[in-house]
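In the two assemblies presented below, chain A is common to both, partnered first by chain B and then by chain C.
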Partner chain A sequence: MTNWLRVFFVGGVIAYRGLFNWIRPAMYIPTMLGSPLFQLIFFTKLGQYAHAQSRDFYIVGNSVQVCAMSSVYGMTMSVANERQFGTLGPLLASPANRAAVFLGRGLPVLMNGLLVSVFTFAAGALFLGFRPGLASVPALAAIVLVTVTSCTGFGMLLGSVGLRAKDVFFAANLAYVLMLLFCGVNIPLDVLPGWMSLVGRCLPLTHGIAAAREVAAGAPLSQVAGLVWTEAGIAVAYAAAGFVFFRYLERASRRSAVLDAY
Partner chain B sequence: MRSLRVLGLAWLLHVKMMSRSAFDGAMAVIWPLFYATVAFFMFRTGHGSSSLGPIGLAAAVMGIWTATSVPASSALQRERWSGTLELLVVAPRHLALILLPITLAASTIGLYCVAGTLLWARVLFGIHVTIIHPLFFVLGLVGTVLTIAALGFLMAVSFVGSRRAWAIGAALEYPIWLVCGFLVPVSLLPGWAHPFSWALGPTWGMRAIREAAYGGAPLGSLLLCVGLAGVYLALGVLVLRVVLDSARKRATLSLA
Partner chain C sequence: MIEAINLRRTYQTTTGVVRRKRLDVEAVRGISFSVDQGELFGLLGPNGAGKTTTIKMLITLLLPTSGQARVLGHDVVDDAREVRKRIGYVFGGDRGLYERLSAYDNLRYFAELYGVSGHRQRQRIDEVLELVGLKGREKERVEGYSRGMRQRLHIARGILHDPEVVFLDEPTIGVDPVGARDLRQMIADLITVGKTVLLTTHYMFEADALCDRIAVIAKGEIVGQGTPAELKGNVAGGRVTEIEVFGVDEATVVRLRGVGGVSAVTVEEQDQKQLLIVQTTGERELTQPLLAELDGVEVGRVASREPTLEDAYVALVTAE
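For the complex of A and B:
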């Protein structure tokens, strides 16, 4: 168990530091903070111009959704970059527990996603006048944590594709914009065609964003418990699917001797 | 004449390569479609269907910048990764003549996106964009492609020292959409943002396209758009000279 935890925590942090060695303040600020900030301003201003929904609708939706920037891209890179840097073979040849290796990579990504979301909420409060009641902040934080976790689980599934796919960033980019469109970030689900809202309900973010909006408007956490539990269930489902897929592709790659091949 | 030949051939080569790339080609066309769709739904629930024409046009033009920002900012880095940067630097033609076609090809790919978005808008949302001055509309598109390519060229040479220049390019996507007033009018932005907007060629390119499509005098905006492209090119050549001199003196051309 100690070994498992060591690989999970220490291995996860070391892998993150190695794979994301280029993330220094000069790079982190424009990409992980600047980009979400401008996404928030862009959609909030666009929403105001379109007279579609209230300002808070866009602030909450985008502040939660930007965690995908870390969760989706970060998790994708956590696996795909091992392959690109030529370290995937040695990693998978090691006797380390695969679940610890795989899930440990999600922890720093999750923390980063959380930071990005918190920053974007703060930017919404500072620049756009977002003022949730103080009492709703702890509940909002809990919802964001669950939502970022489910988004990281989704990222794990995409990341495992990186074991074999040639251009996994295509899939990551596609997933990011799909979430922007299908998850009720800027468009209420009831405005979308039925099949789109159905897809949205199967994706991470959707239930979390809906819960966060209600809580920001003053509802207690107990009132949105169903939405939060659904989001948590989605998190577990995607993380489990990601791990199973990772193991399957690992075995298939060994069998076909294409682990490091493109 | 030789320089024009190099420009033309390199542009064609890069257009062909990017057209076959899932990331630079297909993604550059698909990605803006999602943003356009979000905008269509937002405006349909707000203003109603009557306002969708200008939104469709703006969303289409927005894609030119999307197609250019990442490939342009990472152009030099990609040559470095491929081990071809040194060869290009010592080639008898000026490096600017080799770099500019890359950014020009990327913004040309953006034209696929314009066509794709207008088609998407028409088929799925029933948006018909009527054009009052077709000639100026085409010239506006060409001017916008040129100014975005020139801006991309300036970015390409400015971010040469960064290991992940593509990330900076991606981070600049929203700011340029916002400041250039593609979908959100510049008047909704704070006053301090307006001078940035005026200094950006795509602002005038978009204005010229709008005026050509919906009536107005697009010539002034078009001239400003092309004029700013010239300014970016001149600045880019200057920055490139400084960057190359520095890299040669410090022997850091292949590093970063």
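For the complex of A and C:
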């Protein structure tokens, strides 16, 4: 078990440092902090100009959604880059527990996603006047944590796909934008066509954002427990699907060299 | 320590876009060999001969289509995890390392993957860095490393967990001569510390200098097996005649192959000229009949010598 935990925690952090393309400050600051900040300001100001929803609707929606910058891109890099860097062969030739290897990569991604969301909420408070009640903050933090986890699970699935598909960052770009559209970030779900809101309900973020909005408006955590549990379920489902697909590819690669990565 | 019994691997591939046709490509066609404890065994063969496919099966990255392979008594199919714990795998080339990490962190990561305990890690990493001559450079990012340094790091990673068996897949490929000589010394040192090594290489002098035994593989089959001296013995009794020519054509080469006593003719391009390497069976002097076939071709230096391992290799892989 100790070895499992070491691979999960220590291995996960080292792999993240080795595989995450934007880890240098010159890349990290504009990508992980600058881009979310401008996304927040853009959609909040646009929404206020259009008088469509309240200011907090956009601040909460975007501050939660920007965690996908880390969770979708970061997680995709953390898995799919193994193939791009040619390290997949040595990794798969090792006896390390695959669940520890795979899931361990999610932890630094999750922490980074949390940091990006907290930074964006803070920017919302500083520049746009977002003022949730102090009592709401712990519940809001818990909801953000669950939502970042579900986004990271989604990133795990994309990362696994990236082991097989060469141009997975095209899919990651698409996923990020579709999450903006389908998950109720800037457009309420009930305004979207039925099929779009249905897709949105199957994606991460949607239930988390809805719960975060209610809590930010003063609702207790117990009132949004159903939404939070659904988001947690989505997190488990995507992470499990990502891991199952990763194992499937590993087996298929032994059988028919589909990864052709050595 | 390593045992391959009638090992076979077939890949499926497709051709065409509209009318897709499935093709079976036999990469390895039922090869058998064994490697004893403490032995350095070489697998020689041209590109596409099946060397890397064989290694991939032995290190559990590929399943054999049929046949059996065991490493340290563990089946590579049914007991893959046990095999993985006990072997090291080193391949040649620039890739396969975490570029943004230092050499130390690369090794630390693989120490975690191989279950080297926390308190043992520092000591073991220092030992292997010392062994491969990277001590003092371990904190630098790998992206700034030369090809030779990367290759040393590959070897350090392969032996980090102190495996009993080490697989080296063309470890000196693309490394400069001095660096390659250091790497060869490193490989020889592995044997002195008790490792069993399976090495694939294109370089004959490397195999000749390092290997206790060699299997020559061509088109997925083992076409010769033995010690370097035994393999050379296969063409001994004969001689090798080297003829420098300027502008020889294929028809002339075919005529040379037809000369009685000639077993193989290869052409080596050398800038403006070509070097004809003619292997002959028996002790009969064939220089005159060979030169007679070269009538009309400008001939330079002509020399006769004893066969080398390379001659033995060429004879084996070009034999029909």
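Here is the rule we go by: the second predicted complex is superposed on the first by the 256 of 262 C-alpha atoms of A that agree within 3 Å, B and C clash if a C-alpha of one lies under 4 Å from a C-alpha of the other, contacts with A are read in each partner's own complex, and residues count from 1 in each chain.
Everything below uses one rule, namely that a contact is a pair of C-beta atoms (placed from the backbone, for glycine too) under 8 Å apart; a residue touches a chain by one contact, two chains touch by 3 or more.
Worth saying up front: this structure is predicted, and the values here are computed from it rather than measured.
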Item to check | Three-chain arrangement built on chain A, chain B and chain C clash or fit | outcome: fit
Checklist entry - After lining up the shared chain so the two structures overlap, which partner does A:38 touch, if you call chain B first and chain C second: first, second, both or neither? => result first
Checklist entry - Which partner does A:3 contact after superposing on A: first (chain B), second (chain C), both, neither? => result second
Checklist entry - Where does A:93 make contact in the superposed view: on chain B (first), on chain C (second), on both, or on neither? => result second
Next on the checklist: Is A:18 touching anything from chain B or chain C once the two structures are fitted on A? First, second, both or neither.
Outcome noted: second
Next on the checklist: Under the stated touch criterion, which partner chain does A:253 make contact with: chain B (first), chain C (second), both, or neither?
Outcome noted: second
Next on the checklist: With both complexes overlaid on chain A, does A:186 touch chain B (first), chain C (second), both or neither?
Outcome noted: first
Checklist outcome for this item: Least Cα-Cα separation in the three-chain superposition, chain B to chain C, whole Å, stands at 9
Checklist entry - What is the shared patch of chain A, the residues that chain B and chain C both contact? => result none
Checklist entry - Once bound in the complex, which stretches of chain A touch chain C? => result 3, 6-7, 10-11, 14-15, 17-19, 23, 85-87, 89-96, 101, 253-257, 262
Item to check | Contact footprint of chain A on chain C as seen in their complex | outcome: 11-12, 52, 56, 59-63, 81, 84-85, 87, 89, 91, 93, 95-101, 105-106, 108-110, 112-115, 118, 157
Checklist outcome for this item: The answer for chain B against chain A in the complex is residues 22-23, 26-27, 30-31, 34-35, 37-39, 41-47, 162-164, 167-168, 170-171, 173-175, 177-178, 183-185, 188-189
Checklist entry - In their shared complex, at which residues does chain A touch chain B? => result 22, 27, 30-31, 34-35, 38-39, 41-43, 45-53, 167, 169-170, 173-174, 177-178, 180-181, 186-188, 191-192
